[in-house]
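Below are the structure tokens for one structure; questions will follow.
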Amino acid sequence: MQADGAGFEMAIETAVMASGDPAHLVRAGLLDRFHRLRMRSTALTSRLSDEDMGAQTMEDVSPSKWHLAHTSWFWETFLLEPYLPGYEVFDPRFGFLFNSYYEALGERQPRAARGHITRPGIAHVMAYRAHVDGAMERLLETCGEADLERIAALIETGIAHEEQHQELILTDIKHVLSVNPFAQAYSEVLPPPAQPGPAAGWIEHAGGLEDFGAEANGFVFDNEGPRHKAWLAPFALSTHCVTNGEYARFIAEGGYETASLWLSDGWARVQAEGRKAPHYWRGAPGEWREFTLHGEQEMDLSAPVSHLDYFEASAFAEWTGYRLPEEREWELAARQFNAGSARPMTPDGWLHPASADQANLFGGVWQWTRSAYAPYPGYRAQSGALGEYNGKFMCGQFVLKGGSALTPPGHIRASYRNFFPPQAQWQMTGLRLAKDI
Amino acid sequence: MQADGAGFEMAIETAVMASGDPAHLVRAGLLDRFHRLRMRSTALTSRLSDEDMGAQTMEDVSPSKWHLAHTSWFWETFLLEPYLPGYEVFDPRFGFLFNSYYEALGERQPRAARGHITRPGIAHVMAYRAHVDGAMERLLETCGEADLERIAALIETGIAHEEQHQELILTDIKHVLSVNPFAQAYSEVLPPPAQPGPAAGWIEHAGGLEDFGAEANGFVFDNEGPRHKAWLAPFALSTHCVTNGEYARFIAEGGYETASLWLSDGWARVQAEGRKAPHYWRGAPGEWREFTLHGEQEMDLSAPVSHLDYFEASAFAEWTGYRLPEEREWELAARQFNAGSARPMTPDGWLHPASADQANLFGGVWQWTRSAYAPYPGYRAQSGALGEYNGKFMCGQFVLKGGSALTPPGHIRASYRNFFPPQAQWQMTGLRLAKDI
Amino acid sequence: MQADGAGFEMAIETAVMASGDPAHLVRAGLLDRFHRLRMRSTALTSRLSDEDMGAQTMEDVSPSKWHLAHTSWFWETFLLEPYLPGYEVFDPRFGFLFNSYYEALGERQPRAARGHITRPGIAHVMAYRAHVDGAMERLLETCGEADLERIAALIETGIAHEEQHQELILTDIKHVLSVNPFAQAYSEVLPPPAQPGPAAGWIEHAGGLEDFGAEANGFVFDNEGPRHKAWLAPFALSTHCVTNGEYARFIAEGGYETASLWLSDGWARVQAEGRKAPHYWRGAPGEWREFTLHGEQEMDLSAPVSHLDYFEASAFAEWTGYRLPEEREWELAARQFNAGSARPMTPDGWLHPASADQANLFGGVWQWTRSAYAPYPGYRAQSGALGEYNGKFMCGQFVLKGGSALTPPGHIRASYRNFFPPQAQWQMTGLRLAKDI
Amino acid sequence: MQADGAGFEMAIETAVMASGDPAHLVRAGLLDRFHRLRMRSTALTSRLSDEDMGAQTMEDVSPSKWHLAHTSWFWETFLLEPYLPGYEVFDPRFGFLFNSYYEALGERQPRAARGHITRPGIAHVMAYRAHVDGAMERLLETCGEADLERIAALIETGIAHEEQHQELILTDIKHVLSVNPFAQAYSEVLPPPAQPGPAAGWIEHAGGLEDFGAEANGFVFDNEGPRHKAWLAPFALSTHCVTNGEYARFIAEGGYETASLWLSDGWARVQAEGRKAPHYWRGAPGEWREFTLHGEQEMDLSAPVSHLDYFEASAFAEWTGYRLPEEREWELAARQFNAGSARPMTPDGWLHPASADQANLFGGVWQWTRSAYAPYPGYRAQSGALGEYNGKFMCGQFVLKGGSALTPPGHIRASYRNFFPPQAQWQMTGLRLAKDI
């Protein structure tokens, strides 16, 4: 997923419209989902101070306030301006400040300077959200039948978009809270009891000619399609994500000192940064601790390792003699062996991979595949600003499958293609081993 | 002045002690000044949001919150820890976060990451201030006669230090407010009426062998001494600081396109940045406006030009055929022709150079001299952490004389040596022309 | 291909050994090929001054002298040290200077500082070459029957390796000669007469389940295998590479000013560099000229455009409404419709894409595909230093197919996978359009 | 001295003209000096390969070839073009390549890319020199009486300029030869026998009102004047430059680990680079060796330490409790106590500070003063391109006095003001201690 949280497209027919419900029920249903979505976004920031919400502690991180404003700008730009007659933008300067990356929509605040936006303040952004929420209500209540289908499809997109930013709010605030000596906890929830380590095992698949990509029965991002055929050789995926304990062994046995395990670019980074462990690990071998959204915690050795970049995931796989999966291997296994639902993320729950997540292919972490993020056969970006969501990032990134402890439930599906550049460490990313059979 | 606001030393005998007052009056007098000082620091931030106070919009800028905490750390470190028996530091982690540059006092937060300190929050920093204020009261009430002289001298230093940070709070918040499309005003005070442009004129001086540097009759920074002799050739200083109108003419006549006017390093910067006007100028020739602490305002063409870096000041002087003053020329002129008091800065007043400031040699802006910041003959930095204030910055900077619309009155004196590197633009800096006669 | 020219592995059985020739003929045949190879490398530099051969005009470029020394070091390291009893390395310091990127072989000269190696000088490097050549003769004459098979396989690798560096010598010296006002020609050969522009046309293929990768009947690099199945949808490739004329139209119609055509990273580069045309284009629309190894020449509008980076190739394809090929589409078309031999590169010939190259799928330029450079199913890097050739670069690069006017004939085959990062401009790279059918 | 070797101005009346010799003797005398100058420049490169002469191993270093060409361009630009009727420039492209920093003379090769100039080659540059030499002969033989005085003055300038570049040729080639494992010697001359360490002693001076700057009796650079008065307090200078042995003790006693000794900028560099010793020191405490123009040599502990930057010199002085001299203190001492001639530099001699140099105030090294490089009172840069030599560098640099083992004799005088930025390490720079008395 693009760090700006977008990168997608809308289904031609949404599930809602396909349901055959009468229009007034469609309106009511969408409005209800919209309200719940919007409340959850602000709920995610309820524990944060104004200062927490304004800081940008590295270029990839966006302030929470920016996320709250950008998601509102998205509704304003793609729904309200085109479809609500007489709508007036809340503040014309917000287009500059809260456009993420849409070239078609003009100049914008440099990404690295999002932390400089002290004005508008939080209260002002909250007023913006209220203004947009009210207008969205009016839109849903008053739009004509003729527009409803298109509007419903755009709303599905907007919901998916804001949900992506919900995950980013958590991911980014974790970095913000991590960089000073207080190591402040985002949430005071206590860790679940550690489980015994997962038993080793393999999910085998005979490969062959199969269909891949999303089927047209609900909202999906455009990069999940088109549906297409591909041939896979026989393979197996591990039944569990690599655990902290396994990764600690890799460290103890010299993983970070052994050039031959690493991709060339990865080794250069390890050397330049003197890296010795994953990004949020604290302490030292034998007594590892981990910075989490619940503060610094003892390491749960049987939980999935997280916050690996692609280079670390690849080096670990090389060390074991196995390899990273192809994205289509993962999709196939997920479709066949897994009901496809991960532990639902809630702001009141445990916001970190837990040993219990191992029971599920989706596994509590986003899982690096060795597949570069590229268009599926037949893929074409749509025209207009929304066409910038996915296609323009198809270079230099890798696909991740699964979903993490921070991922909203609606984003947990076998066809979902998350993507990040190989050096990304601040995402909740781990791996599952694969092998040829 | 060092951007961290310090860079000084204490007088051996403070004015207070020299007064011959009985000890209880000395204690009461110091406490009263301390209280007023501390209240003014917080008053300066009363118009700011928590987000304004946390942001760092370039490396030179420190967040207001950081200034409030750092000045408290200073009292804690140099007064309370050594002299108040049983004092407990408010939070041992603050030493890391709020030490500015004292190597002798250990590791510290990287300067460029002061904007990442979302915790402690404002309320926490205010509690820190209250904790320190209470302890300072106890110190002054309970310290023995034997320590009082030394403590009084350190308090003078601490007051001067915090006053420097008051100027920096204003200087830095100006940058913070300037970088987004809102161009938010710090204060709603309206501009004073513009005066007619100053009449050209010269203050002449025959030069000769003179004494320079501070005389020992009150608190001064260590870099203002020792008192020493130097020989000056005859010279003249302009009776007014260069005005916005004069500088606008320099621009209109191609100043920023004429390499021969510029120092080599300055020309490289102008080229690299495509610079066309001083930092806070907005608009275009013929319709210049200026960003001020009172928001964006029409340019007062008869007011002193401000926010020039040394290269701009030097190029302007070259263009006129005159030159920048030597620091000792300025000191001599100030001592002889000027009572030495500038318009007092108050948070309720006009926080920008005004045309009326021209009546005064101190002039509403800090004035670049062509004297590199170097030790006076016989200068030795004292030992210990306080010795780091001045000596270690005597390289690559230039001396500025005068004082700006943001300078606390206690820092307006002929011997004062402010200093900044030649590329500094965010300070309220201008120039006064000089010539040989 | 890695800029260091390597990145490969040897076939288990070489064609030579498979021929069934008696051992003395195998020895003689290998020696003959070795001699011709080595002479051609030095012949390529015969027109260059010592200064030309020492300069490094950007980090990607290596000096010709370095190439001549590095290829000798390769023979010394992988053949002579392990297999020639009593061999003494020419100079033990050369291992540091002329190791390209083999972590397993220890520390080495920083890549960006290859131009700092003024000593050894050219004469010294030539003595090194002679020393290695003599020892290789002895090795081939004296090695036992038992080792001959392994040695022959390594010699195949060494030949392929040095041939890659022959292409790099030309590619790199082109950059060196281009960066000063003399625009010195490498060769005085005159351009061939321009041909009429190629007729538009498509090579269609029905797709389906096919075999890909090298078959085991001659030397190939390890990344060309293993042979594996894959499914392709129906597609078509253009019968010609995009021409200079077509690309000039893209420029004229605003290609470099239209954000929506570009990948996000590509657009950022275009903006940051103010790029307006391919790297070696000179002049302006309507009167384009081009810097070539034959000096600055009039643009042949019907010849393939070259020195595009991936972003330019991708933006051009987007502009046409077509797309870049998948690497397997290209391989399939090449196998089916083309005898697979490109115009042989010779130092006495025309070292630039010509309109006549259009007759051939290999086309005079390396052709960007949209396939990220990744391992084929079942690929495993071998162990030891030679295992560093390919696997460790499988991240962030794209596959190119075909071969350029600078490519030695032995590197022109359908299964060959050249690879470069998307921002590489100094390679002779262009594109061929593809579409779904 | 500017790294480009220039930075000066010509005396209004040259010594030659002032001599009252008849014009034909003036012509002959100038021509003779010109010839000897030019021959010595090329002689300095006679031991170098073409590759040595082309390399630029860091931005401050210029290739020897560039120096040979730039000095010729200087004669062409300032003498031949304006004064020799019908003169044709050798190659109009050379103006771009070999202009150092004269903005008034147009665009030029970026400084950091001087090592990219493989064409023109050495032979071409030698032809350029011959072309210029011939034309200079014609100029001196044919110019009218009326022009002779001005031409003679310009020739003095040109001689001084090219002599500065002779010193730079040696300084720069030292860096080039130092950066690879061969540590190639520039000259095979053997080191002179070490002398006993210098006895400690002080040259005392009572200070007072004195005259400074060059007197008008021979060629001097414009920055050496105007002659002016200044007042100095009583001071003393050490009778010897700091030795390698003394500096080794500073290292052994923790100089590089003690923050309080260092200027703030210097400490930041020491930390960032992990510096532990001067730039060309090799080995470790107790067994120091030094890279010199005569290859790597045992350290002569009684010879002056060299290649210190200002920060190292300043920290060393701080460590001793003494200080660096003011430039005027040095000038005064030199005038009073020293005949003013240093060991003459010859390409056949020992090109490194020797213990015997201690007998002389000029001392074998350039000596850092704590005086920032600034205009003397009354200084004005002349108009035109030659006005760019000195004035535009008067910012951020420090004055050095004395002269090094690489300095041509004509540059050894009390009024000479060399200048470099504080971080310069590649110059032959050391220090002499001073104190107040």
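Residue numbering begins at 1 within each chain, and the chains themselves are lettered A, B, C and D in the order written.
Throughout what follows, a contact is a pair of C-beta atoms (placed from the backbone, for glycine too) under 8 Å apart; a residue touches a chain by one contact, two chains touch by 3 or more.
All figures in this text were calculated on a predicted structure; none of them were measured in a lab.
Counting steps between touching chains, the shortest path from chain A to chain D takes 2. Inter-chain centre distance (chain B to chain D, centres taken as mean C-alpha positions): 38 Å. Chain A and chain B, compared by their mean Cα positions, are separated by 47 Å. Separating the centre of chain B from that of chain C, both taken as means of CA atoms, is a distance of 60 Å. Within chain C, no positions touching two or more other chains are listed.
Chain contact topology: the protein chains form a single closed ring, every chain touching exactly two others. Per the touch definition, chain B reaches chain A in the complex via residues 49-57, 65, 93, 96-97, 109, 113, 115-122, 176-177, 179-182, 184.
Chain contact summary for the complex, chain A toward chain C: residues 101, 103-104, 209, 228-233, 259-260, 262-267, 310-311, 314, 326, 370-372, 374-375, 377-378, 387-388, 392-396, 422, 436.
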